[in-house]
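To keep things simple, chains are lettered A, B, C, D, E and F as they appear, and every chain counts its residues starting from 1.
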């Protein structure tokens, strides 16, 4: 039976998750050089279009269709066949609405990866990569963890709103992509953000949208929804403040880029835990996500010298792994029905690590293969000249800003 | 009786439609030259203020007051007299909330037209035009199609969320305005957008707001709301992707301006159909809207050489007409209770064409007359010097950006 | 008992209020010089982080904990102890959600003050100030007016959504701060906004978020919620249009900065009244807020020559006081159960003035003391060199925009 | 060899370029400047505060030419930029000692075109 | 006729303009530049990556003057721009061969003012 | 004393600065310009409207040097900016009459470095 309160909330939550993708574009876009701003926005908006269609046509079916070996969904929901208004078992919202909410997750995951390959990827290669990656990595991963028939789901892996499926897979893919694509030209280890205010705008709206992301993952309005909501905000705040403080201590000044990075790290870390932990635990999770992210971004990356341009791995991957594990630590029966390590449940802790491990290996291996295929077909990196000219002009024949008009 | 779930949703939907107007301002604003950015934002924000007041004072009454000849409402709801909390017959939300939701439609319609006359309209002329146009064109049009006593409503015209009332009238008005005002100076057939990222920001939020626009038009939470929601997203995605592909094929590169234009074209096309068609049909509607828009914008306009500066007619008018007709084609009883051409209902198809025709003629004739009147009273186009200086300085004594500060 | 419809709406309303803080940052940020844009964004985003944590850890307890003398709350809710899902007496939403909604008010109040001390405050001083001010001024003020045990609450002061607690205290604090800090260097009486479009973006979203602010203050979905919603929009529109008209009359041109300032003035004025007055009254309240604001901003401030840089006092303080008093004038039993002066209730009018007076004195005295303390510990104003260089570089080692990249 | 600096109204750039094209002067460097001249600035008003800025948006064009092209260049600029009203702008002429084309290391007259 | 190019601190622009006004020099062209000088740049830090940029924001002023105004102009700029600390900027002086007022086609000394 | 104006490709700025550093030329003023040269602009397309802009983003470097540094400076720029393809840019050399360091009021050769 449809519960219309739950339905109303899920309409809102889906809209909130939708707006995260365009605003993520601005979070990323502000950090690149002027000549590449449009390419970042383009890639992100195109993902919104392409993955929406992929999902309607076959992606949803591959993720939530009838199970094949606990690993992937069948083709029974192609073009939304059989996806009507009748709620799925155990749910209270129209099946189509569940499909839409999940669609927005499928959209934002590849969009997160964009940050790793900015300023040097060929648009055609990018497009092919996104389609293949969503189909071959994301869809099975979503099936394994979220479909009631998925093997990780059955094992009891906790992933409230996509820490494993979304942030770990995206983060690991980003790392692999940045290693395979090589460094950007003319950036040394980085370059000044061309328009930091745009990134702050993006971060503000990511925080806003994340309410839908996490509190929407309860798939209705319940006290767990409220818990997820409170935890989301608290972890974001804790992430922001703790990154600010470390920045201040280590680099002598608090920075706005640090604060917005901390916000995202805190939000990522709390994502798998949102519906399972207490508000006080979410403070620790936010701090932990921020600390891990800070360490990777300003120590590890510098040491290894890979060009994960906008720190997708450092922020999403690392804070995502931390969050997945922390969920196994901090889970509290009184909130979401399951206990974690601090409440003596070692078993759950083990499952969490297993699920994170599976996501890491699956995303890494899959990305290497897809990269090779795409590189053969369209090529993945632009010509030197095109990179120097900037992707906006070379890939899209447009300029972000006029100098004189 | 008030249904509070429906009420809660409609509060949200109304807020979502409200934010479309300021973000439309950015969609348009990014496309003009630096010296005119503020004038675009000003016009749009002023519409939000002025039409809100017009609606409360007498606009709502003219649209939904007691019927006069099926063409316009009476004055019984002046200053919201008699508009209380008791739901209207057949509705489940407070009358005042219905009034508010409709207000946002009345606001955005003239705001859409702004794109046609940017960079050359006099602010005083603009203001008078907007007040007269809303009162004399929009209000009757809304009455005819949406008031239960309106003659087109009675005929059975389907316009789920305003394809005819909003997009066709706005598009046609835009065309007439651009013909009467003449071309901008110093632009040739166009000029480079001064800040494309602003337009992308606008497009992202238009998509977001459009969920309220279309899914809100169900005036409550039902399975039809969910249908409208799913169709909105699907058509937007289809519009974006298909414009990208044609652009790539015809102009050799996919462009971000193309993608965001396609988004809007897809959204416009699905607007009248959102609550009546299946998701798969909405893919075709999105593609159709995009194709028609593309054809007008890059072929027809070039040929005729009128300066519909930001393609209001090309996108809203044309995709709007396509959508109104497509609704008559694709409507499916199982979704919204009515069948269209593909399900053998030729009658509905005819009505759709009639309604679109009425909107076209009414808007075109009305606009010509209003234009003449306004031109006599305040003048409609700025002096050459003022146009060259830019409207920001000449009309508002402000500059959008500082060069050195 | 939890009402899930109310809960769903309050989740949305809380999200809407949350997004006001980042968008306020843009409203303010657009008005400063390029070299200080990041400092404004930083201060605002840091408030979002820091006050969120303060609230969870002890702020909520100080505001809504067990009463101490009608003036401040006890420590019984430290770290949200005892703040669970059980609704408070007389409420229908989970206690944690009420806490979250109130948190967003506690966040935005100090954020409003930022506009008074931009371009010259030391970041460390700012941070300490915000923590002390929120704890020592905001928390007690919220307790007095909103806690059922607060002495002003008991007296019957009407403050629907925070006109007194939020706008008057913020406005008065802003005035005191600007007097104590002194003028910015190199600005004369002001400087051109470096990026007015950002401010317009902020204003658009403030309007949007304010729906949550005011209509959310009903703490659920009722006809009063709808009243607050309608009044919010109407007053914003009236504020915008009336500021435009006075601007036109007095300074010869209508300006976009005027329109967006009028929007905020209208919204501020209607805040305390939103759930108590009729839509027609809200037009007068919007106009009144705008007129008072205009008078202070362009006459009084010029005369006295203090540098309330972005007119926090002129807009929030003055329109807030006007609104608090106007609530006592226009309140209508049929809307919110209480009558005001126009309906013959002189008593209520008196209480409103008393409450406003308390807020003014309390905020003013408290701010002077906190200022002195902070100034001794960290210093409040940056060095001349740092101010000339800009706060972005001197306080945060970052630049908002690149010139060449 | 001469170096010509012209400061003109922004909206005249296209016209000036067109006129220069006619006399075979195709190479130039353009930038955005603020000009303080006889032309009175527009008074900007922000919340009632009037800012009489006398800094106006102008466009600066720099052209290196061989001596025989100098007069043509000046005339073309005058033709393209002139409206006959205050604010039309100025042209400044300098002697240039040398010119080098980076690509070919050519020097002098050869390098200009 | 001389052409003066001065590179100064951005926040000194108003002061320099005021000093120039005092000596009757009202016409000038201003632009935004990045300066690389003795003054050390502020180290910017983005996610822990330090960028020791030695490109600092500066303002460039260009003034065409008749010979008798040259020294006054230089003094005025020195007065307005000087703080006595590294980074104050420089003034460069050039000989200008001709000057044309586009509006009137005037040439030489007449066109400068 | 000489004044060198070089117009180069934006992404070559770092290389040019590095080469100049090697020959002890550390001081310069940099700005963003649009260049109209032999290099064909990229055709931008907006909703099907092609804009063949021949105005390309370039970076302009200005350096005041003492005579003995001139050739070194030119060579360093050539080395740093040259790719051997159309669009590499140009260098323009002028005689400079005087140079003043605002901070110290030093004039001439002393003021340049």
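Heads up, the rule we're going with is that a residue touches a chain if its C-beta (ideal position, glycine included) is under 8 Å from a C-beta of that chain, and two chains touch if they have at least 3 such contacts.
Quantities reported herein were computed from a predicted structural model and do not represent experimental measurements.
Undergrad: Between chain D and chain E, which partner chains are common?
TA: A, B, C, F
Undergrad: Could you tell me which pair, A-D or B-D, is linked by more C-beta pairs in contact?
TA: Per the contact counts, B-D leads.
Undergrad: Could you label the chain D-chain F interface same or different, taking same to mean over half of its residue numbers are used by both chains?
TA: different
Undergrad: Based only on mean CA positions, could you tell me how far chain B sits from chain C in angstrom?
TA: 34
Undergrad: Roughly how many whole angstrom separate the Cα centroids of chain C and chain F?
TA: 50
Undergrad: Would you mind pulling out the distance in Å between where the CA atoms of chain C average out and where those of chain E do?
TA: Using C-alpha averages as centres, the distance is 44 Å.
Undergrad: What are the residues of chain D that contact at least two other chains?
TA: Counting only residues that touch two or more other chains, chain D contributes 30-32, 34, 44-46, 55, 94-95.
Undergrad: Note the residues in chain B that touch 2 or more other chains, in rising order.
TA: 5, 8, 12, 35, 192-193, 201, 251-253, 255, 257, 397-399, 403-404
Undergrad: Draw the chains as dots and join the ones that touch; what shape do you get: line, ring, star, complete or other?
TA: Shape = complete; every chain linked to every other.
Undergrad: How about chain E: which of its residues touch chain C in the complex?
TA: Per the stated touch rule, the residues are 9, 11, 14, 32, 34, 42-46, 55, 57.
Undergrad: Within their complex, state which residues of chain A touch chain F.
TA: Against chain F, the touching part of chain A is residues 35, 185-186, 388-389, 393-394, 397-399, 403-404.
Undergrad: What residues on chain C touch chain F, complex-wise?
TA: Residue list for chain C touching chain F: 403-404.
Undergrad: How about chain C: which of its residues touch chain D in the complex?
TA: Against chain D, the touching part of chain C is residues 189-190, 192-193, 247, 250-253, 255, 257-258, 261, 294, 297-299, 302, 311.
Undergrad: Where on chain C does chain A make contact in their complex?
TA: Against chain A, the touching part of chain C is residues 2, 4-5, 7-8, 11-12, 14-15, 18-19, 21-23, 25-26, 29, 37-38, 41-42, 45-46, 48-50, 52-53, 56, 79-80, 85, 94, 96-97, 99-100, 103, 123, 198, 201, 395-402, 405.
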